[in-house]
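Look for subunit A in each of the two complexes below; its partner is subunit B in the first and subunit C in the second.
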Partner chain A sequence: MQYKTDRRVQSENVILDIRNLSLDYIMPGQNIHAVVDLNLVARMGKITALIGESGSGKSTVALAIMGIQNRNAVISSGEIYLAGTDILSMPKKDLRSYISNHAGIIFQDPVDSLNPLLTVGEQLMETILMHEKITKKQACAIAFNQLLAVSLPQPEELMKKYPFMLSGGMCQRVTIAIASVFHPLLLIADEPTTALDVTVQAQILHQLDLMRKRDGTAILLITHDLGVVAEIADYVYIMKDGHIVESGTVDDIFCDPQHIHTRQLLAGML
Partner chain B sequence: MMQVKTQTIKRLNAWFRSYNGIINRILTQQKAVVFGFVLVALIIAIAIAASVIAPNDPLKVNMSMRLEGPGSLYWLGTDNLGRCIASRLIWGARMSLIYSLCILGLMMVISIPIGLLSGYAGGRIDTFIMRVIDIFLSLPTFLMALAIVGMLEPGVKNMIIAMASVWWAPYARIIRGMAMQTKQQDFILAAKAAACTHTQIIFRHILRNIAPPIIVMATLEIGSIILAIASFSFIGLGAQPPTPEWGIMLSDSKEFMQTQPQLMIYPGIAIIITVMAFNLLGEGLKNAIQD
Partner chain C sequence: MEILVETLNIRKCYEKQNLFTKKGDQVSAVNGVSLKIQKGRSLGLVGESGSGKSTLGRMMAGLETPTEGQALFRGRSISNISLRKMRPLRRNIQMVFQNSSSVFDASYTVGESIAEVIKNSETVSKKECSGKIETILEQVGLDALYAQRNPKELSGGQRQRANIARALVLHPEFVVCDEPVSSLDYSLRKQILTLLNDLRNKFGLTYLFITHDLNCVPYVCDIMAIMYAGKIMEQIDLKDNSMQNVLHPYTSLLLSCIPAKVPAERKKRAVESIVDTTVIPDSKHCCRFFPRCPCCTERCINEEPLLKEVASGHFVACHIV
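And then the complex of A and B:
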């Protein structure tokens, strides 16, 4: 391959490796440094949590990994290795299909992440047919299995339903199903449980946990909910004003926080 | 066939449901809309069935029966050439609707792609298109349309071209706004993340979601288009005699205004009712969607 690659993937199960990423929002009159010199690693089968308050730049990182950041967001330096290839060095035309084959993303508001005018089946099959040249029938079968995989009951009827007919939790499962159609190596969950109530939160988290155990998916969990993190994450990155202020395993961070911001966050949780 | 039908109904249902029970609100809160809807349905039915309903040939001249009063043969009497007024009114409904749908269609064909492109692409393309739209908005549209028809040649085809080419601008602007709004939503991001192409996103995700407001906008516009068509025909730049068209009927009868005022009153009432019906319907739909 002519793109910049890295062998670390095979050796250490690193799916996502962000190195020295800096990203600015270009505004009229000023530039905002949304992400500054960020380093982050997500490993196969592990849940990596990226924690920060609103506006700390954590969602910007997620969008940058997927290559769908805003037009005025300019990556000024750094590398994003996704499955061993630096996506920032890729030409635009290959970028989207490469990323979408290796990574999926789910958003905060599950109902808003589905097109209200297409049925669940149509949206799933659209994604499937876009990536593979197969017949509608085969795509239908894949969609069916995909819904079963995210523990949705009666997939056959569900396929014909519109998003407004489903609960928030079901919608989030559908978005997970869509994001994981091709068993991506990386699943980015951008505050997946913020819009859901507590019992449904637990189910969705369980679903993510299942995915990483069953499929070995690396999960990048973006959240400000430390309770969730303590429960399922393996590695934690604490982000503030575009900087990673502290990182480590979940035990390190929760038992022995070093940075004052981390302590504040933990104090806020108690 | 049956399955297609249920599919369509389901789809429509989803559409309306996604706008928070729009139908429900219309039916319960807005009697005027229902009235408008019934009138519009009636007018469309009359237009479609014109050839069946009309008692006489609208073009047939009967010089021995000029300016007759209402009777069993000529329901509303005859005009200065002995043509059946009722038949001409009924055929006029068909003409008005066909012309206004042509104009509306052409306007949408121009404004939807331009608006979508402008809203979705953003940046310099958007700025350029918006400046062009500003130019069109600053022109007095009716005068421009008159000038264009005058330059080309009076006639229905040129009237349609002229009106569509000066009136698309505000629609393109509204469609651009809606496209920009829809573009911000998460499901567009999700579609991008799934590597949807731009065309797919624009047509499958954006256009589909802004279609209902566009339809409402169009309904609201039909009234004024019909009025404009009648005006054009009245001053002789639109449909040409002897076409049974309301504007032409008005213009033909202006010489008899003093002695036979009903010749002007009938087409006048037809225009008023039609414009009012479409405005009531459009206004009500607009309110229902905006709430």
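And then the complex of A and C:
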């Protein structure tokens, strides 16, 4: 099995390297260019923020990295190197296990991303058993540790609970626990705190910060909240209508914004 | 100044419905709140989800009947009155709801939805009606052509403007804004808040502004009230006092959770004290915040603190202050 690989990617701690990615949505009568010639790099142990207004194509990028884009989405050009391998050149049968071993994703609404019919424990164990040939008991132990790792209190009781019995913040931590079961190199957080209270937001951000420091996870944070970005991000990409209009370190973007769109976004901050 | 809206020790209990038993437990959403809003001022009600702020807002708008106590508008009770008596008051009390997409009927155009509000309390000709709709749409910054559109054809920001137009078309005196910007993009929030401010100056409106985002408060509010578990914890007049002068531990916690504005302002914060599982004590004779409070004393567990004035226009319910 030979896939397109890139050595530089492995040597410079680059976990995710997107090059010249273009993606179109095929609609009846017209094609929408959702992502145009996008370049993005996410490094180990760093939080990379992708900022844009709704409709700018930032979530489309996240879905394309996970290989779960809509059926009418066509990647017209570009490469996505995840941990050194171009996932777009991979055959479909290997894709799923490769991506899920290297990347995890959490979504905006934590209650919606959990299955309401399964307990928290069942959902965690389902993910674990899907990947490894181990006994249920072993899977249960992994699930237990995983819940502890995201600072949830009383894991044994929590495993028996259903998502609706938990608060939004707890549900979001369960989704983080599920996404990070196999210590992925990359965690994509698609607006992880938009639906949550400020106090809960502070906890979830703390959790993400902990993960990158403890496990060296590269985090791609997708958001429209510049406050969150100022708080924890290291690198920033500003996206508008499918294009990256500006990128740089968080200090550069906030102290010396160049593009007019970045300035407008900063001026719109409360 | 004239007091326009007032609540007197208002309470609301909901019955938790169990599936198999008839009687469920009582959950008190609002637990004895007394508030006063003077005409032309705007009160910001801040709290986490589940603190009862929306329930309080709905009671003050006359949409919900309190279990105990009452809400007054111009000194007259609007709780427990018949719908017929409520109707003339309704044009003076309006509400801007959080989710603008569920406010409008999907099969009506925006204009038809607003026209329904007008026809409800006025007898107007078609021409007058469409004239009114045109004026209000222009006042909220939308082109008059949007009256012909379906709500789903509007973007989130435009729909929120239409939502505000719907609430203001009758020129009410008192408007309850229930999280008007929470569902919007950050870049749009400032625009909508500025719009709300302009309209307030233009029409002399009185607002009850419900939000969980403390950042919004200085933009539109004169008074900030912090709510926790159905009680007012702190009330501060922002004209005389700075927002940084807050004294209650819960308010300080909320303030410390606001993300930095620039990367240089990042601070180390005590995330440990922010317990996630919101345990609200059962006992009535204790401070409701004590399980999460970093400076809890024995007195807090045994005695409920009452709202007391610590400076002019600044009230705090805490034993330590």
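Convention: the second predicted complex is superposed on the first by the 268 of 270 C-alpha atoms of A that agree within 3 Å, B and C clash if a C-alpha of one lies under 4 Å from a C-alpha of the other, contacts with A are read in each partner's own complex, and residues count from 1 in each chain.
As a working rule, contacts are C-beta pairs under 8 Å (C-beta built on N, C-alpha and C of every residue); 3 or more make two chains touch, one makes a residue touch a chain.
All values reported here derive from a predicted model rather than from experimental measurement.
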After superposition on the shared chain, which partner residues are touched by A:T175: those of subunit B (first), subunit C (second), both, or neither?
first
Of the partners subunit B and subunit C, which touch A:G104 in the superposed model: first, second, both, neither?
first
On the A-aligned overlay, A:G268 touches which partner chain: subunit B = first, subunit C = second, or both, or neither?
second
With both complexes superposed on chain A, which partner does A:A202 reach: first (subunit B), second (subunit C), both or neither?
second
In the superposed arrangement, which partner chain does A:E53 touch: subunit B (first), subunit C (second), both, or neither?
second
Just to be sure I read the superposition right, which of the two partners does A:Y162 touch: subunit B = first, subunit C = second, or both, or neither?
first
Going by the contact definition given at the top, which residues of subunit A touch subunit B in one complex and subunit C in the other?
none
Over in the complex, which subunit A residues touch subunit C? Could you list them?
53-54, 153, 167-170, 197-203, 205-206, 224-228, 230-232, 250-251, 254-255, 264-265, 268-270
For subunit C, which residues are in contact with subunit A within the complex?
48-49, 156, 185-191, 193, 212-216, 219, 253-254, 256-266, 269, 271, 274, 276-278
Footprint of subunit A on subunit B - complex, ascending
10-11, 14-15, 17-18, 122-123, 185-187, 189-196, 200, 204-205, 208-209
Flag every residue of subunit A that touches subunit B in the complex, lowest number first.
63, 66, 68, 71, 96-97, 99-100, 104-109, 112-118, 126-127, 130-131, 160, 162, 164, 175, 178-179
